[in-house]
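We just call them A, B, C, D and E in the order they show up, numbering each chain from 1.
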Amino acid sequence: MLAVQGVSRSFGGVYAVRDVTLDVADGEVCAVIGPNGAGKSTLFNLITGHLAAERGAISFLGRRVDRLAPHRRARLGMSIVFQAARVFRGMTVRENVMVGLHGSTSAGFVAAALRLPRHRRDEREIAARADAALERVGLADWADRPADRLPIGQQRALQLARALCARPRLLLLDEPASGLRGQERERLAELVEELRADGLTILLVEHDVAFVTRLADRIVVLDLGRVIADGPPAEVRNDPLVLAAYLGQSA
Amino acid sequence: SGGSGSGGGGGDPIKVGLIVSLTGNYTPLGSEDKKAVELAVEQVNAAGGLLGRKVELVTRDDKTAPDQGIVAYNQIKGDIDALIGPVFSNAALAVEPLAQRDRMPYLSLAPAQEQVEPIKSYVFVTPALSSMYAERYLQYIQAEGIKTIAVAWDSKSAYSVSGHQAMTALAGKYGVTIAVDEPYETTNSDFSALFQHVRDSRAEALVFWGSGAPGVTAAKQYVASGLKTPLFLTASQASKLWLEPMGAAAEGMTVQSAIGVIGEHLPAGKQKQVIEQMAGPYRQKHGYPPPQFAQDGYSASLLLFEAIRKANSTDKEKVRQALESMDLVTPNGRFRYSATDHSGLSPEYISVNTVKNGAFVPTPWAAEQLAKTVGALG
Amino acid sequence: MMIEVTDLVVAYGAATALDRVTLSVAEGEMVALLGPNGAGKSTLAGALAGLLRPASGTVTVGGRLALIPEGRQLFPDLSVADNLALGGWRSGVRDPSAVYDVLPRLAELADRRAGVLSGGEQQMVAFGRALMSRPDVLVVDELSLGLAPNVTAGLARHLAELNRSRGLAVLLIEQNARLAFELCRRAYVLESGRLVTEGESAALAGDPRVAGAYLGGAIT
Amino acid sequence: MIVRRALGPLAAAAVTLALPAVLDDSALAVYVLLGLAAMVTVGVSLLMGYAGQVSLGQGAFYGLGAYTAALLALNGLPPLLGLLAAPVAAAAFALVVGLPLLRLRGHHLAFATLAMQLILLSLAGQLEFTGGDIGLQAIPPFSAWSFEAGGVTAYAYLTWAGLALVMLVTRNVIASRPGRALRALATSETAAASSGIPVGRYKLAVLALSAAFAGLAGGIYCFYTGYVAPGSFPVLISIQYIVMAVVGGLGTIWGAVAGAAAITLLVQGLDQLANLPGMPSYAPGVLSYAVYALVLIAVVLFLPNGLVPAIRRLLSRERPVKTR
Amino acid sequence: MSAFLTYLLNGLAVGCAIALIASGLVVIHRVTGVVNFAQGTFAVVAGLCASSLLGLGLPHGASELAAVLAAAVAGLLTGLAAVGRPGTTPLSSLIVTLGVGVLAYAVEIVLWGDQPRSALGLAGSVTVAGARIQTQHLLVIVVTAVAFVALALFFGRTYLGKALTACASNPYAARVVGIDVRRMGLLAFALGGLLGGLAGVLVTPMRPISFDTDVTLIVNGFAAAVFGALTRPVITLGGALLLGVAETMAAGYGYGSHQLEIALGLMLVVMIVQAGRHPAISQEPT
């Protein structure tokens, strides 16, 4: 499904991601963990196209994507939930989610300005799908609120709904549980399990090791931009390298 | 709409519209025009008014913008018997077709050639056109035996663009070659390139077209540049706004001006008298001698008053006809409008001066020429 | 008392975010503040730091207070070193080397613009910046947010150490309730702008309602 | 509910239609210029308030529309064609310059658009075919089929029909898929791109749309005044549009119209006042400048969201208002 | 060769004058996030003051100093209006500064009238390696160099400079660490007024100043300041010098009527090329 081959990216001479190779199979939940500044978010940005890779190749669904603009990759079926909640200001929760459907609809300026039938049909469908996504993440009651006033936890749920409603093939989650409390965390975990059951492929960054262990089929560990371990959770958790670099005594 | 045509009937005042820039870029010009027109109206009213009626001024601001000129005109057009118009060429040209359509006698304060080419029956221009200044300079240059000149001109100012054009077109006629032809922009703050180019050429004089800030900036830098080629400035510099900042550095520079500026150097006579009729009271009221723009405004007023007097009515067509057969001496010189000439002035009423002791003094050539011109007026 | 809040009401326009909240933190005490998303925890933190004006009620703070705000709130255009130095605006401390001892990663990043750091690195800077002011009381709006487990553990240890050695009082808002209970002897629970429970951590952790909501079953 | 929603626009339409019939020429001249300013300002508000892109060069598109229509009409083409070409030319030009300029953001973009206008003005002031600094004169009046716009009234209707069209298009756009995309990219270009929005293309499109609005206004302007010159489109005019948009309320369509109306009427009112007989000679300058400035400062400081949101809040105290 | 050097030197002087206007814009934006459209006004106020004081017979030096202080006061007053009220957004503040600039027109017209004024500066010229440059130009270059070195050191090296920078970088965070953002904003406006005043007294002898000269002054200053992202003094100076030299070179080599297009166009190209290097993601919060 996703093949990252020897990808590198540096900032001012310091490598944030160095020669990373990573394959994610269809339907797999793959977690990426590692110390702060290991390059996890940078790797996500390379995959989604917000940063250009200096070396290496990225293929998605058997197709080279590393020269494609982010919105093209999104249209191929990649959705991302960013580490920082990026909700669109001045829009309601529902409108925010409707934006997520941009790539899978097509009415443009002319259709909108003239209110063509196609545009109206599109709008109805977009609204319905957005509401379904909100329902799914438990935000249905908040649909008409201004999105930028939501508490952090809800903003993250909103981002997830926005990503989901595009019906992606690959979902990239960058620390989706950060800022969530026990119960909310539990609900998120259940949702991820549901999504996996639906056949979605998920790439997950998270510092909550219990959360990761419960959900991931496989864990990849990054340190200083390189992959230092790759395998099933049980194995990785006991890897001495990982213990030293990341888990410390708390594991 | 339409004014109160049928004159005579005592009571109600004659209304003169005045649209000038009172805000925006052209404020310094517009406000001088306004002072002068107000002075002229005061004087005519003190002398009993026109046709036994008082003259009243209806003033509007064009904000140095063509569309605001139109708004202003629309606001007063129903009220007024004649119009003295914008000093900003773009605003003047915007108002012009409306005035022509409404058959409104219109004396423009802008020097743009386009207003009188082609002639519109109701539109008359008061300031000397820059082509006249150009021709006058060429006469002087020829008289001084100069064969080669450099010309610098502001490519953003209509006044200086058409002055430059006229100079290029007429140079041959006066046996003058233009060795350096150098455009610059109004906002330019450094003229070292110009002086360098003049220094590298055979030019015997540098004619500098420009108004406002560049006139001062360039003249100051000319002094500092050590260039020996004499500098000839045009009439835009003939005021205290140029003299004061220049200070002693201006001594000996050559500056053109309208005849009104050097009134005191004229032999006694009609011309001198009409200049003083304005200059004295103006100086008394405002504390400085009237600059060029003030003279334009005052001349326009005199022309309009005389036309109404001659028409013996404020009927617009009659006033227009009176203007078209006008022959009047004003501070700007003698105007002779005709059906084929709506600018009325000729180059003879332009003086070429040198700066002496911080004042403009006609050159011997100019003094002689002007004496001849003025003498003919009596 | 280091922090004394009585009948505090804070509103955003028409919406009341805190409704007659009363709580206190004594000198040398570490207190946890729990609550679901949107309960008003960050609002309370903002009011304590004087960043939000109360509609009514009083807030008194008995010493120098430092806040690790929600969303890190660094100076993105300044270097890490400068961010830390500015943390000492009130205390006059300019030299960040003490912070580097606690968070050695920051020494490596000293000259990096704070805006381009990774999320966790930014959290470290926010923590370090608060320490720079040599506070008597520290309000932490999320400690472990985005931090690797070993870093979180280190910071928790450091807080406990400061509490022991310098008597630093702490009001801790923390997503990981287990960690909060471990660190703090006492805790408040805030829901929809109202205090619903308070008590000893041990007792609260045993309370099935609290455990269900904040300890979150199998996870954490 | 629907009736209530439609009431405002209906009332506005009625007033718009009635006014030209009752106003005299002098008031109509203001009415026309007000409508034209509103047309440009709606575009500015769309660009700035919705899509978050600042243009300090909107006057350039206004001028471009005016010159286009004027040149076509002066070369003997039917005025209607000129009027239609004006927005098209402005939009096309926006697409061409937008391609490089929109790579810039924030202040850089603001400066770049300002520079674009300065450069265009400078060229218009020097080129032969644009009439140089003097500009283009004797532009024929607007006509279409057998109709010829004689007086100001005709232009008033033309202007306000144009404005209605512009407002309708804007309303339809913002409440739809492309409109949401624009509002999204204003907050976060990356999150927008990740939702499948081609950010660059949308920024271009909205610039072109706002340019088309300005171009249409310019087209009407040139027939109305019969004269265009560089002096008609100074840089300050572009800043004025932003002031209008902010004063009226960024991100609301009616705010753009209200802002344009408020500023235009304030300026005209002060002008009338300053030129009343008996006012001191410095009154025009001082009144137009000082009172205008004080009112502007007061409005911005005390109604930071603009006139329209403030009025809305007043009218519907009971309902919570969505503001930014 | 000496022609080239003449153009270069004079271009540097022109650029320095631009840089001084830009410096005030940079200081104010760097601290408050506000683009101060009243910056040209400060220069005009100082220029007009200086010409009046000199006219009253006050000696050089004292007149200019007083004028610069007057501009600083104008800056402070502008700051009070623009950032004095808590909760004013940078966009609102920007419009307020526009308003202040217009308000100043009225004040200036009442005090000084609507006609342009000038002041006498240093007369004469100096020859450097065969190229002539006016003494006043040289003075501008020296003062600008000193001002920019001081600014760069102040913002880059001093603690107060960093605290000031922090205010615009994240005003909320500045309050979190205890910085009085409002007072810092006022300080910045006063400093901006001072720098604008400096520009005013140095420029007045070179070109006449009237109440609305601020527009001309600010356009170039804005260009240079934006070039430096409105925050970085040294790059701003670079931008200003680029503008100045491009203008004189254009005039020198036969494009006198296209100076503006060439200078602004060049600047745009540099900006666009640079913009390509910064991906959107690195400008958004992590």
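Note that in this section contacts are C-beta pairs under 8 Å (C-beta built on N, C-alpha and C of every residue); 3 or more make two chains touch, one makes a residue touch a chain.
Note that the structure is a prediction, hence the values are computed from the model and not measured.
Novice: From subunit B, how many touching-chain steps at minimum until you land on subunit C?
Specialist: Each step joins two touching chains, and the minimum needed here is 2.
Novice: Greatest Cα-centroid separation from subunit A: which chain?
Specialist: So the farthest one, by centre of C-alpha atoms, is B.
Novice: Indicate the whole-number Å distance between the mean C-alpha point of subunit C and the mean C-alpha point of subunit D.
Specialist: 49
Novice: Could you work out how far the Cα centre of subunit C sits from that of subunit E, in whole Å?
Specialist: Centre separation, subunit C to subunit E: 43 Å.
Novice: Hey, how far is the Cα centre of subunit D from the one of subunit E, in Å?
Specialist: 30
Novice: Note the residues in subunit C that touch 2 or more other chains, in rising order.
Specialist: 116-119 - these are the residues of subunit C that touch more than one other chain.
Novice: Where in subunit A do residues touch two or more other chains at once?
Specialist: Residues 41, 50, 83-84, 86.
Novice: Would you give the residues of subunit E that are in contact with at least 2 other chains, written as numbers and ranges?
Specialist: Residues 105, 114, 257, 260, 280-281, 284-286.
Novice: Touching pairs of chains, all of them, please.
Specialist: Between chains, contact exists in these pairs: A-C, A-D, A-E, B-D, B-E, C-E, D-E.
Novice: Which positions of subunit D touch subunit B when the two form their complex?
Specialist: Against subunit B, the touching part of subunit D is residues 24-26, 28-30, 33, 122, 125-126, 132-135, 137-138, 152, 221, 225-227, 229-232, 234, 268, 271-272, 274-275, 281, 284-285, 288-289.
Novice: Any idea which subunit E residues touch subunit A in the complex?
Specialist: Residues in contact with subunit A: 279-281, 284-286.
Novice: What residues of subunit C sit close enough to touch subunit E in their complex?
Specialist: Per the stated touch rule, the residues are 49, 51, 67, 69, 73-78, 82, 85-87, 89-90, 94, 115-119, 122, 129, 133.
Novice: Report the residues of subunit B in contact with subunit D in the complex, numbered from low to high.
Specialist: For this pair, the touching residues of subunit B are 1, 22-23, 27, 31, 34-35, 38, 59-61, 63-67, 70-72, 74-78, 88-91, 93-94, 96-97, 112, 114, 155-158, 161, 185.
Novice: Under the touch definition given earlier, write down the residues of subunit A that touch subunit E in their complex.
Specialist: The contact residues of subunit A facing subunit E are 41, 45, 50-52, 83-84, 86.
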